[in-house]
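Should a chain be cited, it is by its letter among A, B, C, D, E and F, assigned in written order, with residues numbered from 1 in that chain.
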Amino acid sequence: MTLFFAVLTPFAGAALVALASRLGRSHAARTAGAVTLAALLWLAPSAHLPFNGTLLIQQHDWMPALGLNLAFRLDGLALLFAGLILGIGLLIVLYARYYLSERDSMGRFYSYLMLFMGSMLGIVLSENLIQLLVFWELTSLSSFLLISYWQHREEARQGARMALAVTGLGGFALLGGFLLLGHIVGSYALSDVFAAGDLIRGHPLYVPTLLLILLGAFTKSAQFPFHFWLPHAMAAPTPVSAYLHSATMVKAGVFLLARLYPALSGTPEWFWLVSGAGLATLLLGAYAALFKHDLKGLLAYSTISHLGLITLLFGLSTPLAAVAGVFHIINHATFKASLFMAAGIIDHEAGTRDMRRLHGLWKFMPYTATLAMVAAAAMAGVPLLNGFLSKEMFFAEAAQISESLVGGWLLPALVTLAGALAVAYSIRFIHDVFFNGEPVDLPRMPHEPPRWMKVPVEILVVLCLVVGIAPSLTVAPLLAAAAADTLQAPLPEYRLALWHGFNQALAMSLIALTGGAAIYALRRPLFALHEHSLGRLDARAVYNALLGALFALSGWATRLVDTGSLQRQVFLFLAAALALGFTPWLDSDTPLAGSRTGLPLDPVSLLAGATLIIASLATVWLHRQRLVALITIGVVGLVVSLTFVKFSAPDLALTQLSVEVVTIVLLLLALYFLPQHAARERDPGRVWRDGAIALAAGSGTALLSWAVLTRPYDTIAGYFIDNSVPGGGGTNVVNVILVDFRGYDTLGEITVLALAGLGIYAMLENLRLDAPDRDAAGRAWNRDPYPVIMATLTQLLLPLALLVAVFILLRGHNQPGGGFIAGLVTAVALIVQYLAHGSAWMHERLSGATQPVIAAGLALATLTGLASWAFEHPFLTSTFGHLRWPLVGEFELASAMAFDLGVFLVVVGATLLILVNLGTLHDSRITRKAHL
Amino acid sequence: MKHLLPHPLLTLTLAILWLLLVNTFSAGHVVLGLLLGWLIPFATASLWPQSVCLRNVPVLLRYLVVVTHDIVVGSFRVARLILGRPSSLRPAFITVPLELKTDLAISLLANTISLTPGTVSVLVSADHRTLTVHSLDTGDAAAIVAEIKHRYEAPLKAIFESC
Amino acid sequence: MEALIALIVGVLTACGVFLALRGQTFPVVLGLTFLSYAVNLFLFVMGRLAIGVPPVINAAAQGYTDPLPQALVLTAIVISFGMTAFVIVLALKARAELGNDHVDGLHSEEDAAR
Amino acid sequence: MNGLAMHLPILPVLLPLVAGIVLLVLRNAPLALQRGISLVATAALVPLAFALLATASDGTQLVYKLGNWEAPFGIVLVADRLAAWMLMATALVALFALLHALRGDDVKGRHFHVLYQLQLFGLNGAFLTGDLFNLFVFFEILLLASYGLLLHGGGRLRVKAGLHFVVINLIGSTLFLFAVGTLYGVNGTLNMADLAVRLARTVPENLALVETAGLLLFGVFALKAALLPLHLWLPAAYAHTSAPVAALFAIMTKVGAYSILRVTSLMFGADAGAVANLLADWLMPLALVTLVAGMLGAVAATALRQQIAYLVIASVGTLLAAFALDSVDGIAAGLYYLPHTTLAAAAIFLLADPIARARGERADRFEAGSAMPGAPVLGGLFFAAAIAMAGLPPLSGFLGKFMLLRAALESPWLAWLWSVVLVTGLIGVIALARSGSLLFYRTHSTSESLPAPHAADWLPAAGLLLFGLGMVIWAGPVSDYATATAAQLLHPQAYIDAVLGGRP
Amino acid sequence: MLNTVIPIAYALVAFAFLFSFFRLIVGPDAPDRILGLDTLYVNTVALLVLLGIDLGNPIYFEAALLIAMMGFAGTVALCKYLLRGDIIE
Amino acid sequence: MLDILLSILILTGSIFTFIGSLGLARLRDFYTRLHGPTKATTLGVGCLLIASAIHFSVDGDLSLHEVLVTLFLFMTAPVSAHLLAKAALHIQVKSLATTPVQEADTPTDPA
């Protein structure tokens, strides 16, 4: 578990730091330091293992079925990186404590830093590829937070987003690559992957796998053409740059190359892709670094260049090159971190990083200048410093490889050119900043930084020197362990020493040094040339254009589809339904008509059918004359009811009839507030289009009906007819289905009705519509609201109607009728009273509390269903029996009747709730609360 | 008693209507009919204006016979008019002065007029003093008014407005 | 007879679809009503057409039509009634909130002229 | 079994119904009492769902015969792994959304709690039913409740969105009935297990007919799931309603996805004879196009809630792409992804509310503004929620995506699915990074002074995110359950036997 | 005898239905159309009664009863709309 | 015998139904058209209902519930006619007879 805890510690530390920062600024820094040390301590007991060649793997089950486990690995490479991450991390913690100003939130900074540290540690210690990817993405996310730390700066926000976008691209590619790798190998464990190198390289999916993984590595390591994000990430506070761009974030990419080196390297694809990208990056970075006026910009491009160098080394695919690559990882981390910190000190003290203004700082900060100069010399590859050693190995390998290539002289020439450029920009860094005359217009008078701010730089510079002078006494064991675990093979012969004799590499170094000096001397014409040529090229412009295109495309596509038009939506849905419905018939043997013989057509039915069709078409034709449309649609409803009657469905007919009238009343209520007539279509083309859709949909449903009606079928209906009386206690099978066999549907159905009522009630609240005082023709309304004949005679009808309602309710179980119809009859009877007398009159006489009625109905239906629980029967189990009462005689009682009564109540309540509230919409004379 | 049984006549009517509805004349349904006949007026009592004054049941019965007769005769007459030449009709609006006072009586009169030969009640004046009637084929308007008053209004007044 | 019913279902659907595609709330409501007629009729006739055999158990009955679609249609009628009521009131609400009766709240020429 | 345990499958349906009725009765009771009842009833769904999960986890498929009528004659509830899974997701989202609503959204209109409980009634009923027509009924319940909730509080944009939502869904309901009707007209039954049996025996003369019915049914479910091109109702509806309602709606698209999965696996799956693999040609392309359209919409969005709405569409695409793989691994990936995306979308909807309030008049529009009160907490939570939505590690979205991509390895759709999922993933990251930085990064000094958010404003969202984290920590058992569920779905014979009791 | 009378009766009622529908479609004024609809309802009652006698099944009675009631309610509402616009005030 | 009675009733009923609607189609202004349905059709349906009552009563149980529909129709038809006429007067439809002064525009019911 130790490795797991080592990784977990910084994550937990992030929270701890945030808490500690409430106690004071330095508490955050101290806590962060302690957390870093704690992580180191977790590793300490196992740190000796890689040196013995012992591999430590710790594993915990996570998603074993998917091959995704928490698995940590400590080998040489992992240890090297863990050391860099935590070691340099510790120095950064110290440095940042003095770097950040009073206005910057310490807690936030260190929290983010700890998150990042933990993520990096996770990458390097992962044994499982997917788990590695998890941490990989976490570095992208936490670096986003770090880069955008100064969020009020536009360039910080942009830089962070750009970094996230580019590394995010890589992350997704890497996910694909790892999945393919895992698919090829059958495991995501690195150990298994290493063991399957030949299988991988020979697999047909090798090239896509390689491409995806390299995309991940290259984006993270800022390899050409994905390098552009890195300079923009310099908007981060310098400690962040020092950490992310020396030892950690960007190194994750080359770490991945090293990590998967045994599995993926050694093929021509690997060679050309990796070394090609490395070489291009090496040159481009070195070239661009020379022309940057921003101190951190110079360092950023230098970093790109050095990452290219390392990538190129891994691309060369020779064991020695790989060793050199690992070695340069270490060296670059140390000198670049110190250089960034030095640059940060300069920025911090002088208030600018512009090398056109920074001159002659030697006079103000000689100590810092000395440190920076040593580090810059290491960067240039000056002997006695660590950078020299790895660069010599690099030159040697480049020369070696070139012997086996056509046009082989080109590689040594180009890498020497890159070396010369590196020398030139290093000289520029030293000479421009610390010498070269007097400072120009600095915001502050620079002086040496606080004591403790220099300590991290001192430590790193000392390391550069020590390693450079006595490599075999210092770095050698670690390098050996790391390189061995990179190769997963015995180490090649190599010697870490200052002096290898006078060989080709040394010659290249000398050429680079002198060439670099020459380039620096010629800098002014070169700068001018650059300004007018390559300086105008900007990868960021391409990135911005791409992003702009994405946003433009998104906006265009989204607005194209989503116009906010309901008609569009309805059209699309209908078109989709038509496509779905007609497709099965396209290449099908299914005949349209079946074998069933139908009923003969009689004249009355034909007449009714014709009436219905004419009324329907009239409704469509006259739909702009809204009252007329209402009348014609009333005919449609009437004929539909007649159809139900004709084909043996009296219950349906009764229901349809009642619903019809209530709907018409409802529409009339609404019509009062809506325009009486509507404008003509603005677009006559739309009428044709809609007509075509309507015709297609109509044909579709007609054909579907025809197809089914002409076919025989085998139905479960017989069961209901057989069991209606013995099982349900009722002779009206439809009603028994509704209240018993499928009572659950009915419970749902009355809930819908209740919901409609309540929803409408909620909608109507605070809704006030202007009541028109004239009709469509401009006539004032009739001044007699309650004609006396109507008022008087409807009063007489009410008891009769209620009697009918009770009749329909009670007989529903055995004859056509039931709660729903009875409810509607009652509601209509009461509505007629409202029509005849007005709501004010009604509310004086009737409580009109409809919501309790709805609640009571729902409750009654539910409780009837629940009652069966008492008898250990499922919900809604019904019972019935025959009772004998004196005088009255025998009669049947069924629990389903109580259920039906519930239905009745809900229908009455909901219908009245809807109609009455709608009716009093504009009437302020009545306080609405009173009758709800 | 008045509170417990607000409309005894209605109760009886409803009980009979119930028996008509269920098409059964068993004891159970008689009880149920009476129960409903009591319950429904009880529940809707507030929707009733005042207890109906009803006297002169013989007059009422005779009135019903007259009206039924007139409906049948009137229908034949209207049928003949419809089947005849439409252009020969002499439609007119006729104003009938009212002696009836109660809304119920006026409404029943209007109803009767509409059901019987060639006339439809169209309007009751704001002061309830006159009733406008549309006549399909008007020979002598005054005769129609007189017949209405004599044949329908007088008995209605006797039945509903004599207490 | 089956062909007539199929034709009716088709006509009801076509009218419903056409009206549902209109721009004002009122024809849309009418269109939805048509669609519910169409589908209720469709669902009902899925039990096939039968005359004079209502599913009411009776010693004298000559048979019974399929009762299940009838029960389903009853449920569907009630549900579409609730839905229609809701959408009518919603149309009014939209009229109040959007200031006109266009489904997208756009001003029709008539509203603009006012 | 006896006592309440015997009725376990129906308890998640009845509890919200009874609570809804009680709340309707107590509509004038003190607010605290109403809230208490609503909260208790909603919270109780979590243990109920857990009990069902526990019962179903060994493969048991509880069948509850309503009215004590045998299937296929009566309606049955079937609590299998999938149903329990959906109930759990619903219960969690509902609980946290309700907690958020109690901050004041519930008093902005009438009957919030009644509608809320009945919405849950509809959702749970839809997940549990084993009857196709009953599914329709519960669709209507949940729709009508959602109409009410959507419009809760009123307002111009809300009403317009509501009108569109209602109309399009009504047309959808019509189509549903056409499909159910056709299936009944040909097969004479409504029980889904019975339909499965009969559909598998479809004779050639009826083939195109039942295929039409199946595809129309798919059209309806696709509308509910917001699959392209039927997704247009969603952005406005989700973006303009209140936060808790939008959060609860995160489960609504999943009803459509659930129905597609249930119906295709049971009735049109590999064992379905002539009608087997009905959706094979349709689902994957539509899902991928939906994913792309959703992501492009998220990029184009000009306000946070609109963006989340489009991300919900994108997540539907991802989800259905997983189901479209039609393999144990694919469906398992979808089933793991489903609660993840529901919880994440709900969390970010809930978060959008305090964010909008803390930004004053800029609300949730993507305009740079001044420093907002409570930025660290809200920003941190937004960051986490955005990670979840974008499918980045370490949250559950990543694992879902991982499972999906892994499952696609053996599929002929591999190249398409990978390209779309990976590229849209990146686009999502770009879009969310932009919105996050526009919303949270102060660009000018404070001018208006707004109150800092109360902890209760963001705790429900944080709670949802914690569940997302839990799905990562316990990813093993969770994904195992999803895999077992997928296996159960792909072998529907056990379901059929459980429902029909071995009846032919 | 009934066997010959009933088809004639059907035809007569069907024509009545047709005439009412004609008036409903042709108008010209709203009251004409409403009157047409009202008469159509009553014609339907006649049709149902005939159907009941024809099929010898009393089950259509309730439909007739309801049509009579609902037709009246519809007519009242439509007329009220013409008179007052706001039908429940 | 009963057959003949029934046949007469059915025939009379359907003829009156027919004539009422014929008037609706045939007559020349709204007010005259109003008469047909109000009287003839109502009577026609009444006859048919009585026929039905007789028809089902002879089968066994007494069937008098048709009386109820008749009663209902006779009570409502005049009210419908009245309201229609009132509406027609209000919107001033074309009339063959001189229409009365619009005195109805004063409320009759001060409540």
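Keep this in mind: a contact is a pair of C-beta atoms (placed from the backbone, for glycine too) under 8 Å apart; a residue touches a chain by one contact, two chains touch by 3 or more.
As the structure is a computational prediction, the values presented were derived from the model and not from experiment.
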item	value
Minimum number of chain-to-chain contact steps, chain E to chain F	1
Touch-network distance, chain D to chain F, counted in steps	2
Taking each chain's C-alpha mean as its centre, the one farthest from chain D	B
Comparison of A-C and C-E (more C-beta pairs in contact)	A-C
Closest chain to global C-alpha mean, per-chain Cα centroids	D
Farthest chain (mean CA position) relative to chain E	A
Chain B-chain C separation of Cα centroids, rounded to whole Å	39
Averaged-CA centre spacing for the pair chain E and chain B, given as whole angstrom	22
Whole-Å separation of chain centres (CA-atom averages), chain C against chain F	30
Rounded Å distance, chain A centre to chain D centre (Cα mean)	16
Overlap residues in chain F, where contacts from two or more other chains coincide	20, 22, 26, 34, 36, 42, 63, 65, 68, 72, 75-79, 82-83, 85-86, 90-91, 104, 106-108
Residue numbers of chain E (touch at least two other chains)	10, 17-18, 30, 34, 36, 59, 65, 69, 72, 76, 80, 82-83
Multi-partner residues of chain C (at least 2 other chains)	20, 25, 28, 38, 40, 42, 46-47, 51-52, 54, 56, 68, 72, 75, 79, 82-83, 86, 90-91, 93, 103-104
Touching pairs - complete list by chain label	A-B, A-C, A-D, A-E, A-F, B-F, C-D, C-E, E-F
Residue numbers on chain D that touch chain C, as the complex places them	133, 137, 140, 144, 147, 151, 154-156, 159-160, 162-164, 166-167, 170-171, 173-174, 177-178, 180-182, 184-185, 190
Complex interface listing, chain B residues touching chain F	17, 20-25, 71-72, 74-75, 78-79, 81-83, 86-87, 89, 91-93, 95, 110-118, 120-128, 132, 134, 136, 138
Chain A contact footprint on chain E (complex, rising order)	10-11, 14, 17-18, 21, 24-25, 27, 30, 33-34, 36-37, 40-41, 44, 47-48, 51, 59-60, 62-63, 65-67, 69-70, 72-74, 76-78, 80-89
Partner chain E, residues of chain F touching it in the complex	3-4, 6-7, 10-11, 13-15, 17-18, 20-22, 24-26, 30, 33-34, 36-37, 41-42, 44-45, 48-49, 51-52, 55-56, 59, 63, 65-66, 68-69, 72-73, 76-77, 79-80, 83-88, 90-91, 93-94
In the complex with chain F, residue positions of chain A that touch it	775, 777, 779, 782-791, 793-794, 796-797, 800, 841
